[in-house]
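Listed next: structures, encoded as structure tokens.
One chain, chain A, links the two complexes that follow: it is found with chain B in the first and with chain C in the second.
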Partner chain A sequence: MRNPSFTSNIRSILLVASWDLMKLKNQKVFLAMRVAWFTLQVLVFARAISFIVSQSILEYTGGVDYYYFYLLGIYTSLIYSTSISRGYVIADEFDDGIVEYHLSLPIKRGVFAVGRVLGSSLSTIIFTLPMMIVVYVILGVSNLFSIIVSLISALVFSIGVVSFVLLLVFSVKSTDLTDILVGAIDALLVRLSTVFYPLPVIEASGIAPYYVIALMNPISNLADFLRILVFPEYYMVFKYGVAPIVVYMVAFSMGLLVLAVEYYERKLEAGGWK
Partner chain B sequence: MKSKAVEIENFTKKFGDFTAVDNLNLDIYENEVFGLLGPNGSGKTTTLLTIATVYKPTSGDIYVYGHSVTREDYVVRKLVGIAFQDPKAMWIDKPYELLTWHARIVGYSSSEAKKVVQDVMELLGLWEHRNKQFYQLSGGTRKKVELAKVLIQKPRVAILDEPTAQVDVLSKHALWDVIKKLRDEGTTVIIATNDMFEAEKVCERIAIIYKGKLRALGTISELKDSIPSGDLVEVQFEGGGIPEGLLRALRDIGRVEARSSVLKVYVEKGEEKVIDIIELFRRYNVKILRIMVKEPTLDDVFTYITGAKLREES
Partner chain C sequence: MDWLRGLLLVAQRDLARFWRNIYWLAGQLAMNIADLVIFAVIFRGLVNPAYIPDYIRFITPGILCLSIFISAFSIGREVGIELRREVTHYLVSLPVTRGQLVAGRILGGVLRGFMYQAGFIILAVVLMGLPSVDKWLLILTASLLLAVTMSGLSITVSTLTRDFNLQAAIRSLVYFVFFFVSNVFYPEKALAVRLGSAAPFAYYSPMSMTVNIYRYGFNYVSSIDVFFNLTGLIVWSTLAVLFTYKVYIRNLTG
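Take a look at the complex of A and B:
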């Protein structure tokens, strides 16, 4: 027999998640602009850069063309930046005092936090879906399994990023400080990842900290996981196999989710925001 | 004996070094409209937000129907609904979407939510604004959207933080009727306001809070009666002078100010003393042309208790 409290919590999580999905409806123009810019990026500029590097890099990509390597990297960075921008939305809401409204609702705090993270992550996936279609059409991916696993892994990654940004927003309680911190983290994390540069290239560069950060970087892990999923030959690049990537991504996301929920449940209260 | 809806026990809330509320003790009874009166920054909103579990007490506790806001916050939130002082919405939000989501969150099914939202929006005159974005709404309309959340929720304890601020005079009267109806339907209503007229119009008991401390508590007439010689009996009489004996007798009743054919007597419980005053005038054969009793206003009460003017402080 189903536990009524569990059912009630699931219902609440889905209702809270619908808050973010409801807001997404009002961003149609913004989404259209992003899709247009992204399409231009991958059809024009990405081809130009790939032309420069495509021949010399094949030994580092397991034979995968740099253009294809780049496409999955740029899609990953898009999921990352969109997840981060959901955090900005939440920060803006808190700036306008909506945190007080949310804290007053008849929902368990932990359930609310999970709903918020899930809603933001689902919004991210829906928002980036047109861009994913552009990438997968260019790549010629039609395998349903790959597409579904790609979406699930993107969702898991987004849950981690949104949880992280929620923690940050709740802790600093300042939109300005959130802007500065997220900007700095964003600049470092995307650059110190395998979004644009294959891991063996980074290793060969001989800068050890760069390699370690890129290896541990969650953005690298998602980008490389998607590459392996679409181009199984890319698997050859990895010394330790695919299992550590999967375990790391799940641990990253669930760990941050637990921290965000814990903070929301035990420490968060209104006040001191402005 | 009246049962307690909210018990505030030794409640203190600090923000850093600043004490917003200092050792507040207060009981709010079931099914009354209770007013928290005080200027901006007096601690009213902090108290209300703590009842709604949005803030946590620094010390002390608050109980809603016996449930602690510190230990049973989720249970408390199921009993309490709040209309915030500043409407809680982003500029891009639409009232209908926002209220439908709120209705679903407080427990209505999808179809019930649509119906209750439409009913409440029509009641408050919001239906024509349902699909406008928040930035297109007037301040008063935004406040009504905030109040709509509480009316949709029908909580056991409704908290209304300055519910009619920015609302036009006609709508204010309509909203006061809505608030009284909410009470009649079994909800305990707590209103924070610095509008004395509003407090007199809708509240049954009032707490005056000033600089984080409770300064006075009682019904409106109890508070007014707490001012020594606060009532004024003003008598307009025939003729230019007043007999010395009448003047002496009146001075035994209260402080007297005489000016040509108008006499002012400051007394306690003016509605009782006016009979004695009429009797004295009759005994001294001085014909009364007009007599009236004026009670002190809540502003007078506030000034007497705190030494400050409520309007100036707000």
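Take a look at the complex of A and C:
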């Protein structure tokens, strides 16, 4: 027999998540902006920067052209930055006092937190869908399995990033400071990842901390996972295999989700967010 | 004289506020330094030396442009926050003319740009060598004109919406347009090959003009068309000031 509490929790999660999804309708201008800058990145920056990259890169990418290699890097960084921007939306709600309304809802705090994270992550995936289609069309990806697994992995990654940014917003409690911290973290994480360059190139720079951070960086893990998925030949030069990436990504996301829920439940009572 | 005093008061307020945002400054510094000590250092290993022999020396003038962009755009960020928190009512009630207010804010952005860029100029000297006196003059003029252009532009775009998220998105779009469609990250040849007939857009970008002057000033290239690049920057900054005056005042009082 189905547990009524479980069913009710699932219904609540879906209700909260659908609230986040509904807000997407008001973001048409924002989406247009994102599409515009993404187009510039793909058509101008990626094409021009790939021109100056040496052909020796092919030995580190398993023969994958740098332009294609970088396109999946752009898509990954887009998932990251869009997930982060969902955090801004939540930070804005703290500023605008919508949190009081949320806390007054007849929904358990933990369930509400899961719903927000899930809703924000699904919004991220839907929001970035046009850009994903552009990338996959350029790459010529038509394998349905690859596309579905890409979407699932992007969702798992996004859950981790949204949970992380929720934790940050709860801890910092200021839109300005969140903006600053997120900017600094973004600067370091994206540059110390495999978005722009393959791991062996980072290793060859001879700076061990760069390599270790890039290896452990969730952005690197998603980017490389998508590359292996789309270009099986990339797997040949990837010495750590797929299993550690999958385990790491799931652990990263679920770990941060649990922390975010825990934090939300403990800190938000009695004006704890102020 | 009174006109100047009012203008300086507005600029002084913006300058004083610059140092209050110490965490913001630290964040931006981290971003700029990350471009140089992470991106450039690693990416150097990927670049074909036939096109760019040393990517760090190539990108350093671009980082100087970026430092002006970021610091000048901090004015726009504050203008956006003022608009959201309705501090604008206080600003328009001040006993200064609209012209003084706009000029003061742009001057504030320029001064922030110079201060923020100073550290990166020293870094550029360390990496690229000391320019001659006449080249110093050229470098400082280019910084001044770019800072005026970017301050004006940042104030204008930040007043277009009260939505914080959208303000950040517009800022990023402006960044992408100016930096990607320019020769900051790659040589003009790469743009010519990849963009074809659209490549001249980069030629007229204020970033390309400034980075050309910086590269010449720091002896990365031996010659450039100084007249074209300087005149172009003067045109950009004049247009930016005029545009800012129109849009900022309209959105402030509208």
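As a convention for this text, the second predicted complex is superposed on the first by the 268 of 274 C-alpha atoms of A that agree within 3 Å, B and C clash if a C-alpha of one lies under 4 Å from a C-alpha of the other, contacts with A are read in each partner's own complex, and residues count from 1 in each chain.
Throughout what follows, a residue touches a chain if its C-beta (ideal position, glycine included) is under 8 Å from a C-beta of that chain, and two chains touch if they have at least 3 such contacts.
As the structure is a computational prediction, the values presented were derived from the model and not from experiment.
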Of chain C and chain B, partner touching more chain A residues:
C
Return first, second, both or neither, reflecting whether A:W19 touches chain B, chain C, both chains, or no partner chain.
first
For A:D92, using the defined touch cut-off, is the partner it touches chain B, chain C, both, or neither? Pick first, second, both or neither.
both
After lining up the shared chain so the two structures overlap, which partner does A:I107 touch, if you call chain B first and chain C second: first, second, both or neither?
first
Going by the contact rule set out at the top, does A:A184 touch chain B (first), chain C (second), both, or neither?
second
Touching A:S142, do we find chain B (first), chain C (second), both, or neither?
neither
Answer with first, second, both or neither: which of chain B and chain C does A:V29 touch in the superposed model?
second
Doubly contacted residues of chain A, that is, touched by chain B and again by chain C
92
In the complex, go through chain C and note every residue touching chain A.
21, 23-24, 26-28, 30-31, 34-35, 38-39, 41-43, 45-49, 51-52, 81, 163-166, 168-170, 172-173, 176-177, 180-181, 185-187, 190-191, 193-195
Inside the complex, what are the residues of chain B that reach chain A?
15, 49, 52-56, 73-74, 77-78, 80-82, 84, 86, 88-90, 92-93, 97, 101, 104-107
Residue numbers of chain A touching chain C in their complex, please.
29-30, 33-34, 36-37, 40-41, 44-45, 47-49, 51-55, 57, 66, 85, 88-89, 92, 175-177, 179-181, 183-184, 187-188, 191-192, 196-197, 201-202, 204-205, 207, 210
Touching residues on chain A, where the partner in the complex is chain B
12, 15-16, 18-19, 22-23, 26, 92-93, 96-98, 100-101, 103-109, 269-272
